[in-house]
Structures are given as C-alpha cells and as structure tokens.
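In what follows, chain A forms one complex with chain B and a second complex with chain C.
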Partner chain A sequence: MSHLLILPILIPLGTAILLLLLRFVPVARGILVAISALAIIGVNISLLSKIQGQGIQIYRIGGWAPPFGIVMVGDLLSGIMLVLGSIIAICALFYSFGYLKNDDQHAIFQPLFFFLWTGTNGAFLTGDIFNLFVMFEIMLMSIYSLLTLLGEKKQIEAGIKLISMGLLSSTLFLAAVGGVYAFAGTLNMADLALKIKPNVDHPLVSAAAMLFLGVFGLKAAIMPLHFWLPDVHSSAPTPISAMLSGILIKVGIYAIIRVFCLIFVDLQGTFQVFILTLACITMFVGAMGALAQTDLKRLLAYSSVSQIGYVLMGVGFFTVAGMGAAIFYTISHGIIKASLFLAAGILKKMKGTAEMSEHGNMINISPLFTLFFLISVAGLGGIPPSSGFFMKFQLIKAGLDGGFYVPVAVALVVSLFTLFYLVKAWQKVCLLDQKEAPKMLPTFNLLAPVGILAILCLALGFAAEPIITLTNAASQQLFSPELYIQAVMGSM
Partner chain B sequence: MKMLLPLVIGVLFASGTYLILQKNMLKLVLGIGLISHAANLILISSGWIGPGQVPILGRDETKPFVDPIPQALVLTAIVIGFAAMAFMLVLALRVYKDLKTANIEEIRGQRG
Partner chain C sequence: MTSLIFQTITRLVSPILMIFSLYLLFRGHQLPGGGFIAGLMTSAGLVLIYLAYGCERFDWRNRSRFFYYLFSGGLALSFLTGLAGLFVGGFFLKSGVAHVHMPLINEEWEFASAAIFDLGVYFVVCGVCVSLMTLLGEER
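Right after this comes the complex of A and B.
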C-alpha cells in the first residue's frame, strides 16, 4: 500500500487551509501556491507512471479493509484524468495572477481554487460511492463561491441557476445512493459490482442506474440537462471557465464511465441506444447554439456542450476502441477548450467584454495571440496535425468499426458546423478591422498559459501514438472490471 | 406504520417539486430544501429493518439491530445540505438586492 495515492487530495487540502491562514501575506501565498501546484503535478505524474508500471493502486484510508473502510483506487483512467486536471489547473492558476484585479480577490480565489482541486482529484481517486458524493460537494461548493466571487450581476444570476442545479443533483445523487444501499448494503464500488452482478434484473438496479445517469449527466451537461452550462461557463471568471469546461464537466463523464463500466456492467446493452441518442442530440444542439452566439465566451460554452456529446458518444459505443477514443477526446478537448477560454478571457480583459463585434485586428495588435488562438481553433475544428484531428479520427474509426453509422454521420456533420463557427469567430476577432483601440495589451501572465496549452495541443498531435496507446490501455482496463474488483477486494 | 415513511417522503418530494415550479425565488429555495429532506429520509430508510434496536454493542445481541451506516451518511448529507442552503439563501438575497426582483421570470439577463 503506497501513501502516494492520498497525496493528490492531501496536498491541495492542506494548501487551501494554509492559504486561508496566510490571507494577509501576499508574498508567502504566492510562494506556497507555486510550490504546491508543482508538487501536485509532480505527484500526479509519478502516480500515473506507477499505475502504468505496477497496475491498479489501492489505498485503504485508516487501514480499514474494504468493503468497510473507504478505499482510494488509482487505475489508468484516474491517473490520466489527474494529470490532465493538474495541467489545466496550473495554467488557470498562473493565468489568474494576470487576470484578477487586486490582492483581496487573490486572497479569496486561491484557497477556493485549491479546495476545488481537492474535490476534482478526490472524485477521480475515490472507490466509494458516498465518498464520490462528498468530493462532488467539495467541488460544487467551491465552484458556487468562485463563480460569484467578483460579484458581477451576470455572475450572481448564473450563480442562482448553478446552485439550484447543483443542490437538486446532489439530492438525486443521495436518493440513488440510498436506493443502491438498500439493495446491496454496501457503498464500496467494487463490492457493489459484485453484489449487483447476480441481481441485475431487479427493478431497483435499473432505477438506480438511471438516477446515476441523470445526476452525472446534469454535471456533464448532457442534452436535456445542459441548460445551466452556457450561463455559468460564460459568466464565470475566466480561469474558472477554463477549469469548468476543461475538467469539471469531464468529472461527470468520468463518473458515468466508472458507474457503467464497473457497477452496472450488465446494463450497458440496455442503456446503449439511450446514451447514443442523447449524445447525438447533445452534439447537434450544442453546435446550433454556438452558431447563434455573438459573445465569444458564450460561443465556447455552447461548444463545450456539443463536444461533451462527442465524448458521450465514444462512451456509448461500449467498445474498447470507443472508450479509448473517448478518453483521448477528453484529454485533447480539455486542453484545447481551456486554451480557447483563456484566450477569450484575454479579449475580455482588453476591452471589458468578449462580444466579438467589439474586437478585431488582433493580428496587428498581438500576432502571438492570433497564432495561439488559431492553433486552438484548428485543434477543436479537427485539422491535422493538432491533436483535434486524432481525437475525431479515433472516435469516428471506433464508431465505424462498431457499426454505429448514424451517430458517426451526426458527428461528421456537427464537426463541420464546429469548424465553421470557430473559424468565423477567429476571423472576426483577429482579421477584421476595428477602429477602437484596446485599453491594454495582452501581458505575459495572460498569454503564457494560452501558449503552453496551444503548444500542448500541437505536441499531443505530433506525439499522438504513445498517448493513444495509453488511453487504449486505460480502456482495456475499464473493460476488465474484474481487475479493479480483484485489486480492491483481494487486498483484504 | 410501515407505510408512513414512504408517504412522508412522497409528500415532501411532491410539495418540493410544486414549490420549485413557482415563480418566486424564495419558494425555489424552500422547495429545494424540502426535496433535500426527502432525499435524507430515503437514505435513512435504506438502513431501516423494521423494529430494530439501537446499534450499540452490549445490548441484547439476539434481536436485530438498525443499520448504523445510513445514519452516519445522512449526518454528512445534512451538514453539506445545510451549508449549501445557507449559501443559496445569501445568494438569493443578493440577487434580490441587485436585480430588485424575486420573480424568476424576470431574472433572465442572459439569453440565447
């Protein structure tokens, strides 16, 4: 049993508490933030390589043997998501130093950000369904406060929408947990899988599965439950928008994968058509919404809805190749969308609004910005050699191999729309003329994270093969749930 | 007697849903509060095994005990729900002060 597995939760939690105590010492806070952010990413990367080398890692909190105690489980999917989360979080954190106006805001922002990080890391690592609920709540509570932090009218308004959504979804989550517990008498996910397998026809099982799909679908913003996302993602402070679109909606997808590939394995066939239908509608509706937007951040928020549909489609194939493609899509989309949101935040910083008609001529004002923005646009549009090409290629290939022709057709048509609205936005912001000069130029603090993420997107494209091998291995692991169960229960 | 708990849960869910569908923001908050209580009751009832006794060692161990885990869970859920509800009330107050209205239909600055 290695203690490495608990560090991704303990470090940000400890940092957040220390940051609260160091409220009035900006220098100390800056140093602490830098050290622990680097520590977290270091721990996450070493954790991933350890999982790769030695298989699924287990940590029993307090030494209590499962199924009685809480276990932390790190498999390849968790490891990949942890690393992705820390890359995006570090960029967002660095960006926040240039984005927030004064130190009062930093003093509240930083501890909340680390609480958010605790929640996401915990959600990826936990092997206990109730603990997952608690981690979700940590995440949501920090998001509620981070969203309304700057107190703009739009943010307060989005806040009331987000919090009603969040509270309702946690309520349903509790009801689902209650249902599962009444049936199986355990909360450990591996043990649940064992207890549910022989009784999969019991009505309570499919009811709970449906509830879980609804709850996680609400968090991932899947079509009938996507209504809150555009407001929230577009009005949040930009570093938080990047976190929300880059990693938080992926937590919902992660939970769907976890639940349907471990606990309700035998219900995959029953839910497949339903999930694929939702995925197709989500893709289409998100893209249609994005086409109509004039505000860049809002456009990107709708685009997130549409892209989540792609990921869900990959999950819905329930084949090894499809799941691998979905995980690769998650990584690639997380990086690209974070970069795009941070770029939109630069525009917002320059003129106080992200309305596209207010901006223009960026190619002369800041050529570097134009280049990074173009790379990310090409990435999301799926143009080689960026990683966006491989994410779409893998997904479509998996769909064709599995014989899912209708979803593939929808995905192809929607990707045309995606390219169209993104290029239109890029052209408006970067090429078209604009008389009114901006108040300020993009600073290094703002531009560097965008650049890093854009270069990562390119690098992922050039080095796609090792990453695809990794995601396929993760998917293989997901489709042999007995490995996971063996690792958790066998260690008694 | 066995029907009482499901009935209470059902009534709480129904009235919570009714309140959420109202236009007044305060009713929205109250409705969500009611629904979260209903969910807590569901959680409690998942460990309910008829007339069991308190799960403390040293009692008559031949009689059935009530499952203590859901009670621990529900305690966590109540605390979390309380914090979120407090935050939501403050936020609702802020919305009322900023937008001068408590009518949900008028809170739609962002469209499309």
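Right after this comes the complex of A and C.
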C-alpha cells in the first residue's frame, strides 16, 4: 500500500510540531517552512495525477479495515481541492513573511498555519464522518488563534463571533453525527451510504441531512447563517483572510457535496428547491452587502458570501454539468479571491487602513499592483480571458441545460452588481487622485504572491479546457457513488 | 489564598492525585483512563499547589519555557509513535503489543506501543494546563 495519501496530513502536522520545538531558532523555522510548503504542494500534485491515473485511492489508518477503522479516501474532487488549497496556502505563507512585523508573531503564526493546513487537507481526504468533525475542529482551533494574532480590537470582536459560530456548529455537527450513528451504527461514509440507502424514508435520515446542511452551511456562510463571515474575513490578518475566503469556506461546500452526493443521494430531489432558493438569496444578499461597503476588505468579504451562492447554485442543480461547473467555480474563485484579499492587504499595509476613500492613484504609485488588481477584478467580474468568464459561463450553461431558468436569471442580475461594485473599488483605489502619499511602497514579498495568483487566474482562463475536463471528470465520479463505496468497502 | 488549612490539605491531597493519575495513565490501554484524563488529574494537583503556595516554593513563571517544551515535546512523542507505526507496522498509527514475562514477580506483563502515544498526550495536557494557569495568573 502506498503512503502517498497520508502524506498531505503527515507533512504539515510534523512541520507544525517541529516549528513549535524550534520556536527560538528563527532561521531554522524559515528554512523548514519553505521546504515543507514545497513538499506539500509536490505531494498534492502527484496525488492528483495518481488519482487521475489509477482511480480512487484508499488508506487505512492503523491498518484497521473499514468500516471499523478510519479510512482516508482520495477521489478526484479531494485531489483538486488539495491542490487548490496548497496553492493558496503557499501564497499566503510567502505573503506572511512580508506582512507580519516581528519574529514573535512569526513564531506563533507558522505552527498554527501548518495546523490549519493539516485540518484542511485532512477534511478533504477523510472518509469518516466523525474524522471530518475532528478535522473541522483542528481548523477552527487554529483559526481562533490566528484571527486574534495581532490583538487588534476589531479582531477580538470578530474572534468572539467566530468562537460562538464555531461552538454552535460543532454542537450541531456532533448532534447530526450522533443521530446518524444511532440510526446506522457506523461512521464510515461509504458504509453509511449503504446503510441509509434502503431506509431513506426514515424521518431521522431527513433530519440528519437537514442538520448536516445547516452545519456545513454555517461554515460556508450560506445566507441566513452568513452573519459571522464579513467581520471575521475582513478583520483577520490578511494572509489568513486569503485562506479563509480562498479555501476554508470551500471546505463547507466540499462537505455539502460529499454528504449529498454520497450519503444522502436519494434526498437530492427533496432538497433541490431548498438549496437553490438558499443559493439565490445568498448571491443576492451578499452582492447587496458588498455594494454598501467602503472598506475594501469588507467589500471582498461580502463578495465571498455572494460568490458562495454561485457555487451552491451549481451544486444545487445536481447534474453532472452543474457539479463540474461548481467545482471549476470553486477553483477559480478561490484563486481570484485570495489574490484580491492579498492585494487589499497591501493597501492596508501602505496606509494602515483598507478604507477605499483613503487610497487612490495606485496606477502611478505602483503600476504592477494596478495590473494584478485589474486582472483579479476582471476575473471576479467574469470578463474574458480570465478564468472568471469561464466559471460563470459554465455555470449559466449548466443551468440553462438543466432548465433552471429562475436561478440563472438571478445569477445574471447579481453578476451585474458584482461587476459594479468591483469596478467602483478599482476606480477608487487605482484611478482617482489622492493627495496624501502612502507611508511605504508595496514590497516584493507582498506583490509576488498577488502576482502569482493573478497570473494563475489568467492561465486558468487560457487553459480552461483541460481544467474543465478534469472538473467534469470529478463530477462524473461524484455522480457514480458506487465507485467510491466499492473502493472503500472492497478493500477489506 | 494562604490559609493553613488549605496548605495542609494540599500537602496531603496532591501526592495522592499525582500517584493516582499515573495509575490512570498506565491502565488506560484496556480500562477507563488514559493520557488525557491522567494529564488533567496531574494538572489539578499542580494547580492546587500553585493556589496554595503561589510562587514561594516553586517559581512557576520562570519555568514557562519548560512547560512549553513539555507540551510540544509531548506532541512530538505522539506523532513519532504514529510514524514508528508507519515504518515498522506498515500503517500510520499502527500499534503493536509485546507480552513480556517479568522475572521476579513471575507475571506476564503487556506493553503496548499505544501507551507511548498516551504518554505524549499526558505531557501535552500537563504542559498546556500549567502554561495556561501561569499565563492567566500573571500580573499585567
């Protein structure tokens, strides 16, 4: 048995522990961070190509056979999410070297960041519903401390919101897992799917499905449960904002996909209207919130809410094309939003605030920044040739093919608002005149990650074809859950 | 809180707590107990001493680095146990059991590698609890 599947968890975990031990040796920590970050991205890419070549991969932790032990399962969706996560994480990590002020902050930031990375990688790989809960907890624990790292007043306030959200969602998650366990007597997702299939009419099953949707909706900030997101994402230290909006809310979406495409397959029809309605409201409310913001980071946070609505809409179609579009949207939005957040962080670093009225004239101060910012804005606005065009195009096409005219209409109208608030932000920050000169210019450490992500966004646009093929293959795999079940249960 | 009664009771109770926590730690493989609960119990004993005597017998604050390394080292120990499972047993977190005949007492003792993992957990819990206590009890 190959150990490749466990490495995306082992490397960041081991690195985090070593970083804790090396607290008082800054140089060694820097080298270690660089080596392991590259190692993780290498492992994740090779894992994805292995899954592409050989199908779904299984790893039995401790050698215990499923459904009794915990299994790690890597299918195409997990592989894609792992690679996306590591691209964003590596950029955020590089950015943190220019963003954080002193070594004390680095000494706390780095190990926690790797624990966070362990949690996201683990959540994408695990094939056990309780283990998913554990991975969520690892992510939340690290985020609590990372969020309040700089000790600003706004961050403490956001921290309280995040902790109440986290406790609420953990309790509900545990209740849902408990309900499922009481009913089916197993926690392994593939086994659960087998046990629930003949009993889908049982009231406990629908109740559990609803609870799972609520819990993961809380993490993914779907409309009535999005209250915590704008504060948390906007006041977090910028590399963490990029991680939060780029990958962490996608973990919630990932979990919704996993649960509804594997365990509650037969409930898809029942939940479809509900999910699509939530998606439409989320899109609309997020965009309306973003229109009213004057602070760039808050604007981006509201925009994340709106964009999650798009992804959820793709999921809610429950067609192969729709799911493929949702996965492509996830990739593309993750990269673009991370780049935008990092750009907003540069502005915040330059003047101590991301208030748009304080900034201006960036086109003369830093043309490179303006270029990268423009690419990302065009990407989120859906202007070709950036990947943003393809993400929206795929989604709308899937919706029209499936006959979902109302959600598509809402999505198109909200796109207009999206373009409007983004252009407004771009104009204010880059074009309008501003008398007061900034304290500092963007440094290489800060600009390079933004540039890499912006170029990736363009590259995704030019090379959309292979990526769309990949996401469609992933979606195809999701709609044949028997492959997943066979891979897990057949390995006994 | 320097009351004579409290100090005397602490002197009596905390050694019992420590010994009982070690007992819980090593029986935890098969029976109720284990690293987490034992760590909490040891920390309870340490907290009692801290409350009763403050820093007059033992300077907690200047030993914060020791407790920092205690919990990170404990984490490393648990992780290494998992890794050892990977290299020896073929799976991450694979555990093994050895039955050893003890010569003097003429009994069969069971040694499980999971006990080392538990020991790591014990260190983590002790280190974190004491670090928290000294941090929160610090004057600012």
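Following the convention adopted for this analysis, the second predicted complex is superposed on the first by the 492 of 492 C-alpha atoms of A that agree within 3 Å, B and C clash if a C-alpha of one lies under 4 Å from a C-alpha of the other, contacts with A are read in each partner's own complex, and residues count from 1 in each chain.
By our rule, a residue touches a chain if its C-beta (ideal position, glycine included) is under 8 Å from a C-beta of that chain, and two chains touch if they have at least 3 such contacts.
Since we're looking at a predicted model, the values are computed, not measured.
*Asks:* Looking at the overlay on chain A, is there a clash between chain B and chain C, or do the two fit?
*Replies:* fit
*Asks:* Examine A:Gln272 and indicate which partner it touches, taking first as chain B and second as chain C; both and neither are also allowed.
*Replies:* In the superposition, A:Gln272 touches no partner, neither chain B nor chain C.
*Asks:* Between chain B (first) and chain C (second), which does A:Gly14 come into contact with in this model arrangement: first, second, both, or neither?
*Replies:* Once the two structures are laid over each other on A, A:Gly14 reaches chain C alone.
*Asks:* Under the stated touch criterion, which partner chain does A:Gln105 make contact with: chain B (first), chain C (second), both, or neither?
*Replies:* Neither partner.
*Asks:* Look at A:Arg23 in the shared chain and tell me whether it touches chain B only, chain C only, both, or neither; answer first, second, both or neither.
*Replies:* After superposing on A, A:Arg23 lies in contact with chain C but is clear of chain B.
*Asks:* Any idea whether chain B or chain C touches more of chain A?
*Replies:* Per-residue touch count on chain A favours B.
*Asks:* One more residue to check, A:Gln434. First (chain B), second (chain C), both or neither?
*Replies:* neither
*Asks:* Anyone got the angle at chain A's C-alpha centre between chain B and chain C, nearest 10 degrees?
*Replies:* Angle at the centre of chain A: 40 degrees.
*Asks:* What is the minimum C-alpha distance, in Å, between chain B and chain C after the two complexes are superposed on chain A?
*Replies:* 8
*Asks:* Taking the two structures together, which residues of chain A meet both chain B and chain C?
*Replies:* none
*Asks:* Name, in rising order, each residue of chain B that touches chain A in their complex.
*Replies:* Result: residues 20, 25, 28, 32, 35-36, 38-40, 42-43, 45-47, 67, 69-70, 73, 76-77, 80-81, 83-85, 87-88, 91-92, 94-95, 98-99, 107, 109-110, 112 of chain B touch chain A.
*Asks:* Where on chain A does chain C make contact in their complex?
*Replies:* Its residues touching chain C are 1, 3, 6, 10, 13-14, 17-18, 20-21, 23, 59-63.
*Asks:* Once bound in the complex, which stretches of chain C touch chain A?
*Replies:* Residues 68-69, 72-73, 75-76, 79, 83, 85-86, 89-95.
*Asks:* What does chain A use to touch chain B in their complex?
*Replies:* Touching chain B from chain A are residues 130, 133-134, 137, 140-141, 144-145, 148, 151, 153-154, 156-160, 163-164, 166-168, 170-172, 174-175, 177-179, 181-182, 185, 187, 230-231, 234-235, 289, 292-293, 298.
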